[in-house]
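Letters A, B, C and D mark the chains as written, and numbering starts fresh at 1 in each.
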Amino acid sequence: MPRRGLMILRLVVNGGNHEADVEPRLLLSDFLRQGLGLTGTHVGCEHGVCGACTILFDGEPARSCIMLAVQADGHAIHTIESLSPDGITLNPLQEAFRDAHGLQCGFCTPGILMTLSAFLRDNPAPSQAEVRDALSANLCRCTGYQHIVEAVTRVTRSPLR
Amino acid sequence: MSPEARYVNARVRRNEDARLLTGRARFVDDVQLPGLLHVAFVRSEHAHGRLIKVDGAAARRRPGVVAVYTFDDLGEYGRPAPVLVPPPPISGLVFHPRTHRPLASGKVRYVGEPIAMIVAESRYLAEDAVRDVIVDVDPLDAVVDLEAALTAGAARVHDDLESNAAAHVVQRKGDYAAARDRADVIVARRFTYDRGAAAALENRCVLAQWDRQAEELTIWDTTQAPIPIRNGLASRLGLSESQVRVVAPFVGGGFGPKIMMFYPEELLVPWASIRLARPIKWTEDRQENFFATTQERGQLHDAEMALTRDGRILGIRDTFLFDTGAYDPYGLTIPINTQCTLLGPYDVPNYSSEFTAVFTNKTIVTPVRGAGRQHGVFVSERLLDLAARELGIDRVEIRKRNLLGPDRFPHNHEIMFQDSAPLVYDSGDYLPALEQAAATIGYAELVRQQAQRRSGTRRVGVGIACYVEGTGIGPYEGARVTVELSGKVRVATGVGTQGQGHYTVFAQVVADVLGVSVEDVQVITGDTREFQWGTGTFASRGAAVAGSACHAAAMSVREKIVALAASVLGAEPDRLEVAGGRVSVRGAADRTISLAQLAARANPLRGAVRPGTEPGLESTAYFGPDRGSTASGVHAMIVEVDVETAMVEVKRYVVVHDCGRIINPLLVEGQIHGGVAHGLGNAFYEQLVYDEQGQLLNASFMDYLLPTATDVPPIETAHRETPSPFNPIGLKGVGEAGCIPTGAAFAQAVEDALNIEILDIPLSPDRLFRLIQQAADR
Amino acid sequence: MKPAPFEYFRARSVEEAIDLLSEHGPDAKPLAGGQSLIPAMNFRLATPAVLVDLNEAVGLSDVTAQDDGLHIGGMTRHRTLEQSETVARNAPLVTAAMPFVAHAAIRTRGTLGGSLAHADPAAELPAVMLALDAVFTVRSRQGARHVRAADFFTGLFTTALEAGELLTEVTIPPRPVRSTYAFQEIARRHGDYALAGAAAAVAVDEHGRCTSARVALLSVADRPVLAEHARRALEGEPPTADAINAAAAAAAAHDIDPPGDIHASSAYRRHLAAVLIRRVLERAFHSRETS
Amino acid sequence: MILSGTFTFNGPRQKVWDLLQDPGVLAKALPGTERLTMSGPDRYEGVMKVSIGPMTAAKFDVTVTLADKQPPERFTLQIDGKGGVGFARGSAAVTLQEQGDGGTAMDYTSDVQIGGRIASVGQRLIESVSRMMMRQALEALDRELRARIDADASGS
């Protein structure tokens, strides 16, 4: 990591407190991946378009590739790793992705899950058009999106919710 | 077929998903090693120029920079990369192989060509040092336009060649000139299909670690073909193959360009890692990806079709130029695919096809999903539409009149396919697919409503296009199937996987043969330490070729299981049942043994075994088809065009396809959806725009437009199954099918809505606006 | 694609931000939402020596309806503008435009002041503010000054802001009676920079005659442009279909000279502008009963 | 990209010619010029900084040459710029024609080539920026000419 002009960074990631010395220019995505080893957050474009790096910043979706790590000082971040704390049990949305074949290479999937987690929290019963609208913030080259939309439909119609 | 098909042909959810959904799956860029160094490249800003000076001295002095390499530092290692795919034996074929070097020497030939490599303590620092390298280039005129490239005074991409022609190939069947003389109507047009990017969401990444004590090199690489990369790098580095391990773990989408390219970065990172005795990683960024990762699609066709008055094809002639970019390491796979796929599902008695591959000062061209097939389909389907219009025959009807009937298989087209085998269709049944697609989209009703659809601001059009696709080509793949002491099964194969679901489909095949649960079959792909024979994932061949190898290996293991169980249980083999992870004697519930127990018995620790006994319940098998199998299908779509804004919305999309026997319909649908989205991208959104000096003007996701969830419609898919005779399960490939007829169907639908003529793909609102204006002016 | 090094300061108040900006002069860039600035830094097209982070500065993100209009703090997030009922009541044009601004994950970070100061000619909010005749409060060590939207956007990514100045607040004048609004744009994909767009704020008198017709266009010039010819053609007239058509055609012909790019030629942009001016005017005048 | 047009100066042709050949004037007219010094006959070198909003990194080492001179009627101006974000090269063919009313019409046709990062991610802005720089250059020239004419008038 870069050494010059380090700043202290204190933040909460997936419920745990972290403290690190970082260079101001370090991108939040790089800090999460390299600094904390949370490699589930993927980097696809580094200009805020593809959405693969989407995380929750104080509960709201944000692109970690166009934020500085130092901006997270004093804030709470959730990454894909928070959706399944034991790393094995899938939450209903993850389970629906598996059932509906809502992922292929899986590279864009973490960003999509984080985007949809916030979306479904705010809109528990969206229409298909609303789902596609929310999903249009994330690029996927493999799925053509259809099975992702189906996965969301499974969750929103699930009696568990 | 498998003894009991419980999983094959079932909608089985994927074994690999849990890791991907929780963020645990390891992609190459996720690998972190102590002391890891990072790389940035100094790349050419000029499309064409003489390299006067490259000076890395200042960069070397920058704190945090460990090494700076230019061509002069490479010595013998700087020689050009190998030709990856030698051209097939076609008589009269001319091919000038010119491949890239790891770093530019003498000349730069495309924007983004690597000139110097910087190794530093972080990627941030390496990028800082890029500015420090002094590069002096004397710019030359760039070769951009395909026709201009072949004119006498054109600048030459490779000075040692007489022209920019990289290859010339003629293939003929019958006598087109005679057919033309007999024809009632000739339809002739010029068609273009412009460049696009594969744009996998994961950029490329290479990480190499040289273990000085063990003298072993481990390379993590986002490649579709780890074994050829291992073999090629070992030989180039002067190591034995067993000293090199290439791992392609989870790979974030391939779509063609992650094939065994021996990209400059792929050659240099391992080399530098040995030199510096440090682990080194290069992670491509999105901007680099637009220049440094290979692209596809640029072709210019002058084509004509000769027909009878009642719409029967007498022959087709096509002359086309193929843009191969600055180098041609991948040979002629793409244009030969174009040449062969153009014939489609039709009876074309006379065919004359000629192409010239052209060097240009643009990024190297290698196959991208579809790999030239969509161009052929675009040309023949467009010609049929134009002929239909000229002859006053319905578009579906003219296709029906020309389809090959089910009695025509195997059908020999009498020309050579890219796999060096004659172009022979193995099996197919085309007419029912066309009828089903037309019925599903409501074609007849839409035709009746044509006048109404073409009025008002929002105009509606319908398009319907057919295709065939050569898939599942050789040479071979292999697999090793092992029943482990736990009773669980492990399958290792050489192909890489980039999201296709190999972890699951191979497991399905093996689980059926061995009577185990699909979750109990662990598939390992893409690690040369696990399996070291095979070629890779390309040409829609993974399931058909490697899947067949898995099947063969599993069948062999099953024989061992049955033989051993027969002796242990004292029963005739034909009375044994292999199911539920056990072998049981039919009708005697107490005479049963688990696979775990059998595996233990097959590997005794004491005592004696009979001479010739192979230990374990394990087998390795290989499969190589005589030739590829031919998938086929029909796509139909309805579009709505706002004639005031030239914006197009796809309202419905129907796919009727035939990929032979299906292992997993859920995954096949996923492949089709993704292919269609990619095809719609190529039809309306995605175009790499180069200016006249070879500068790429849209090297970002802001300007290079991948379709999003609001651009891709729901896709209605119907499967038809005509098994292939060329492999035991009857499989054909499906990975590329979705994107092959999409452009042709889209052009036809928009044309139908607006009553204009569309000859160029990709279309865009801007291009469509011009066409609408021109039609209004006429 | 990693940013070049810079010095980073976190401002805790407006005053601190202004002090830092004037101290560091033209080398310093305020960091608001960062959704345009950081991508430009990742591409190394922007290499500011100093960043002054406004995100922790208090008192810059209040939204209040007052007698003289709707006051919106410069650091108000796009997401807040989109969801605020106060904004919907007092400036429905803003609410109508927000879904067109990129995507939710960008709007959670992007800010009003950031978008206006960035002055991207293809951005929605500058045009909306121009249509609404908003007034921007600009503060520096010398105190505060007020700049009308029409005077604020001075060119390509260029505004009336001087070094050391900060856009702290936007005031949108109170809604006239019988005022209605509409926003439309044409983009290649949802959330992209528009090929062209139009924001309309219109009002009529008790006889249905047009008293005000402000249509601001985006992505058809180096800055947001008011369709002056449309305004002149309509004000004082009943907004009939013919009048709207003529107004749209006149404005597209005379008020703009659009630049072309790979996505849209100049002629296409001009054509789209005519269509969009007509469509927003039709929608605005015909949605009278609902707003 | 081709940018062409006609600009009318309110002054005699010889004066406009002299103006256009003056390196001091060129330095003022070329937008963002931080320094421009003569490095040979009709050849100047210097630094130009093109700053557009957040794009602050566009600093170019430039070489300006004047060629094909036929006083007071036509010449070609070439600019070659190289910087961290890419390169820009342009040549402008300039023709001056006397107008009946004592003014001078300048026809210009310029071919601008942009390469490197500014071309690959900045395409949306290239035409606007080129137009803006052209406008700024012409306005600066016009201002300079008027100042000279005013100076002449007060001096005589």
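The criterion applied here is as follows: a contact is a pair of C-beta atoms (placed from the backbone, for glycine too) under 8 Å apart; a residue touches a chain by one contact, two chains touch by 3 or more.
Computed from a prediction, not measured in an experiment: that's the story for all the values here.
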Via touching chains, chain A connects to chain D in a minimum step count of 2
Between A-B and B-C, more C-beta pairs in contact link A-B
When centres are defined as mean Cα positions, the distance from chain A to chain C in whole Å is 29
Rounded to the nearest Å, the gap separating the Cα centres of chain B and chain C is 44
In whole angstrom, the CA-centroid distance of chain B from chain D equals 49
Residues in chain C with touches to at least two other chains are numbered 1-5, 43-44, 189-191, 193, 262-263
Multi-chain contacts in chain A, i.e. residues touching at least two other chains, fall at 2, 23, 25, 46-47, 133, 136-137
Among all residues of chain D, those touching at least two other chains are 84, 117, 121, 123-124
One finds touching chains in the pairs A-B, A-C, B-C, B-D, C-D
The residues of chain B that touch chain C in their complex are 123-124, 127-128, 285-287, 644-647, 685, 689, 697-698, 700, 702-703, 705, 707-708, 710-711, 764-766, 769-770, 773
Given the complex, residues on chain A that touch chain B span 1-3, 23, 25-26, 33-34, 37-47, 49-50, 52, 79-81, 83-84, 87-88, 90, 94, 97-99, 101, 103-110, 113, 131-133, 135-149
Within their complex, chain B touches chain D through residues 45-47, 111, 131, 287, 290-291, 689, 691, 693, 695-700, 702-703
Per the touch rule above, chain A residues touching chain C in the complex are 2, 4-5, 7, 23-25, 27, 30, 46-48, 51, 54, 57, 60-63, 65-68, 70-71, 73-74, 115, 118-119, 133-134, 136-137
Listed in rising order, chain C residues that touch chain B in their complex are 1-5, 43-44, 186, 188-193, 195, 262-265, 267-268, 271-272, 275
